[in-house]
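In the two assemblies presented below, chain A is common to both, partnered first by chain B and then by chain C.
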Partner chain A sequence: MTTRDRHGLAAVPFGLAGLAVLLAAWWSVTALALVPRTFLPAPALAWAALVRGWTVGDLAGQTAQTVLRMLGGWLLASLAGVALGSLVGLSATARRYLGPSLAFMRALPASAVIPVAIAFAGLSPGMVLGVVAFGSLWPTLLSTVHGFATIDPRLRDVASALHMSNAAFVWKIGLPNALADILTGMRLSMTVALILSVTGEMLAAQQGLGQAILLAARSFRSADLFAGLILLGVIGIASTLVLAAVERRCLRWR
Partner chain B sequence: MSLALRSLGPALAVPAAALLAFELWFAATGRVSDTIAPPSQAFWRLAAGLADGSIVAMTVETLAATLAGLAVGGGLGLAAGSVLALTRRADMTARYVVEMLRAIPSIALLPLALLIFGFGYRMEIFVVAFATFWPVLILSHSAVLAVEPRLIDVSRMLGFGPLSTLSKIVLPAAAPRLATALRLASGIALVVAVTCEITANPQGLGNGLMRAQESLQPALMWAVLLWIGVIGYTANRALLAMERRLFAHRSDVDTSVAA
Partner chain C sequence: MTSAITLDDVGIVLGGLRILEGISLDVRPGEFLVVVGASGSGKTTLLRLIAGLSRPTQGRILVGGEPVAGPSRKVAIVFQDYGRALLPWRTAAGNVALALESVGTPRAERADRVAALLAKVGLARHADKYPSQLSGGMQQRLQIARALAQGGWVLLMDEPFGALDALTRQGLQDEVLRIAAETGLTVVFITHDLEEALYLGDRVVLLGSHPGRIEQTAAVDLPRPRNQLGTREDPRFLALRRELFGHFAGHAA
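Moving on to the complex of A and B:
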């Protein structure tokens, strides 16, 4: 995000004021009953639902389920994406033959494979995990291929002069040079993984926040619905922040 | 063009070989399945669905929701992104709010949209608009920030007000990056529209896909899946080609990156 470093620390109070304005706007809309309470609960009600769900209810467990699903699918996708991406990225011929098919797969909405996955694996946790992994594979895979494709040709000459094996090339030259692209891809993959985890939970009736908010909406419990939305937002922010920190740390040498 | 034609062979070789292998396997084993169909049957079903208008009707529903959502979300995102980039104070105030709200996975708003709007176009447009608003906001924000500051000085010297600065100086200068934002957002819009239809909304291609699966029609299921892929891929390529054509003469634009 470009705004993060544009204003420096002086901007922090402004940012916090912005959050206060949002909260105040939310509160006044509900206090003046501009929007029916079935759609938009008062902030205090949403907060109460969040606290109650977390302490008495099963919100913590559902959050854990969603986070585990997201991380599991993302890890599988990252491993497969980097491995396959390195293989394809190694040779220009492979890129020529496989690149267009991969680009086609990426353009395919990941959720569109859910019906197919249901046909194969039924409404199981494994099906959802498979869809999360499949859908979040593409950003990492394609950015790994891109990272390998843009390696300085002179480095390839060095590798061949040193009689490096393919494996050594990938390990010593390819991955370090493609790291920036790979990490960007992995960050995108994480976003996709969260979206697909939630979608999968809604569709396949798997325990988790996706199902929790769907059930809350069906029974017109808008406070519980917003509690779930807040938690999903927190998961989204936390995963982005963690990955951004990892990215900064890994790329410090550049 | 000759380069494009020459790369077509390798591009089609892999999928063609895979489809042929499937086809031969089906022919050899004589297998009938509820989950996979021979590719020839899927292609045939796609052609039939396009000819009798059933797949065309679904496509129109999906594209209408996609485009309407993109227009609403993209338009608002462009406006908000440009305003934030040009007014420092608002920018500083909005940043945590933006970071927080955009972290909510768009599809999580589906139950809320369902609650407010019920089934139909409006709820799908709402979710698509939310999903496209944030990336367009962020990309147009950085596009406007990347505009040469001296150009803005020029407009100030010419005595332009904020509106004419935006329309005469900033937006034309930021156009190439805005076009990229439009391409990315249109991809997101299609994905989200189809996801809404698969998950809840009983219309469009996503719903057609889901119904084909539930009624054990694998040929139709694969036909619709293939068709959705074709639409997404074609839209992306078309917008990319448009970007290159419109902005190829501009030295400040790198059109070589296809990502």
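Moving on to the complex of A and C:
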């Protein structure tokens, strides 16, 4: 617990200092005009574009679209990943047969699947959601498999000595035992879901931050482009922080 | 009177290795039977056979007059490695509740039963702690409470105090004797410690190694309740220890 706290709250000043250095560097580059302003706006301009886009423009709506896409796909992936992962993880035979295929699917860059998905489902929101769910499925699925595969044989003895049903075993021993792995997997899945939401929006012309960024770049509105990037960074950090908090709460017993 | 547990010419071969051979044994209801053996004598396997966690390749085993076909709720088992046998994500109370849930104790009665069982093993004040917050001795007490919660009448204990320090171990020995006397449970207790065997048992069975078979059986007619000082200094205790030690040392070497 103490080590975790040290990496948590006490680390905040260091993190802020690092961020300040990064901002200072960004500001210096623009102040010294090392890069044309068409490509890199000053931090203040990016901030102004962000505020304007949020209040006057449609940046808030686009952010919501992207976040919903990310969360929707991630939720589907999490449910399917935990369900399938439990089934595969519980059976050594299933692991032997499916392990290599799962590893292959995981190694496949999910964005490469997008053309296939477009061929099948067209440029629809459903296609993007499907790609997000498909791509973010693997981290959760594989870590769930691992979590179930590493149940201590002694706990199986305990369960059989107590005449526990298979359902009770999964619910009371399998899932809690795999929970740490599952949550780690879900955190990775969330990152993948964000990447694929943005990529999907860019490729399939769906409303959202991905498309907003792409359009800003094409019309050389670098301040708007960076406003979008900042929002994506915030979404990424916020989702990670929320999941880390959930993890801490669920794994109190550690 | 019928036997609580009967083993009739039981043997088991695991992976081509003969682990146990020709084990015949009758345990009386309410008896405290201790099996002593060196490591590799198959004593844990013997316990798993009685628990129904493994099947013998030869002979038959009866518990309460019925053949053992698998694990049964009337037989509870306490494992040596408490760190692996407890659910780390459940509190002490939750671990005891696991057994109550499994035997179908109504939800309304569980809290009272859990409290009573934790009190019985001296963990009343630690109900809300997780196993990782408990000492080894306390974790083993917790495992005993969970085994009692199952409500069986046979208690199997696999070297339960092997990993504990001497003082904790003596405290738990007395606790187990007290619980056995209070509940009237039939206990089969495994140990590699001859003195522990004599201190606890009504009867001590010596198991030889490779393959494990019964070398000798000795009745321990020492008065109960036993006492860590008095019993261990009793001339009969010392005589038994001397008599069995020869057998035991010969195989442990």
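Throughout what follows, the second predicted complex is superposed on the first by the 238 of 254 C-alpha atoms of A that agree within 3 Å, B and C clash if a C-alpha of one lies under 4 Å from a C-alpha of the other, contacts with A are read in each partner's own complex, and residues count from 1 in each chain.
Rule of thumb we're sticking to: contacts are C-beta pairs under 8 Å (C-beta built on N, C-alpha and C of every residue); 3 or more make two chains touch, one makes a residue touch a chain.
The model shown is predicted, which means the values in this text are computed figures rather than measured ones.
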Output check: A:Pro100 vs chain B and chain C. Expected answer is one of first, second, both, neither. What do you get? first
Identify the partner contact of A:Thr55: answer first if only chain B is touched, second if only chain C is, both if each is, neither if none is. neither
Just to be sure I read the superposition right, which of the two partners does A:Ala168 touch: chain B = first, chain C = second, or both, or neither? second
One more residue to check, A:Leu179. First (chain B), second (chain C), both or neither? second
Residue contacts on chain A - larger count, chain B or chain C: B
With both complexes superposed on chain A, which partner does A:Asp152 reach: first (chain B), second (chain C), both or neither? second
Please write out, lowest number first, the residues of chain A touched by both chain B and chain C across the two complexes. none
Chain A residues within the chain C interface of the complex: 152, 154-155, 157-158, 160-164, 168, 172-173, 176-177, 179, 252-254
Quick one: in the complex, what on chain B touches chain A? 7, 10-15, 34-35, 84, 88-89, 91-112, 114-116, 138, 141-142, 145, 187, 190-191, 194-195, 198-200, 206, 209-210, 212-213, 218, 221-222, 225, 228-229, 232-233, 236, 258-259
Complex contacts: residues of chain A adjacent to chain B: 1-4, 6-7, 11, 14-19, 21-22, 38-39, 93, 96-101, 103-105, 107-116, 118-120, 142-143, 146, 191, 194-195, 198-199, 202-203, 209-210, 213-214, 216-218, 220, 222, 225, 228-229, 232-237, 240
Along chain C, where are the residues that touch chain A in the complex? 51, 53, 70-73, 75-77, 79, 81, 84-85, 87-90, 98-99, 101-103, 130, 132, 150
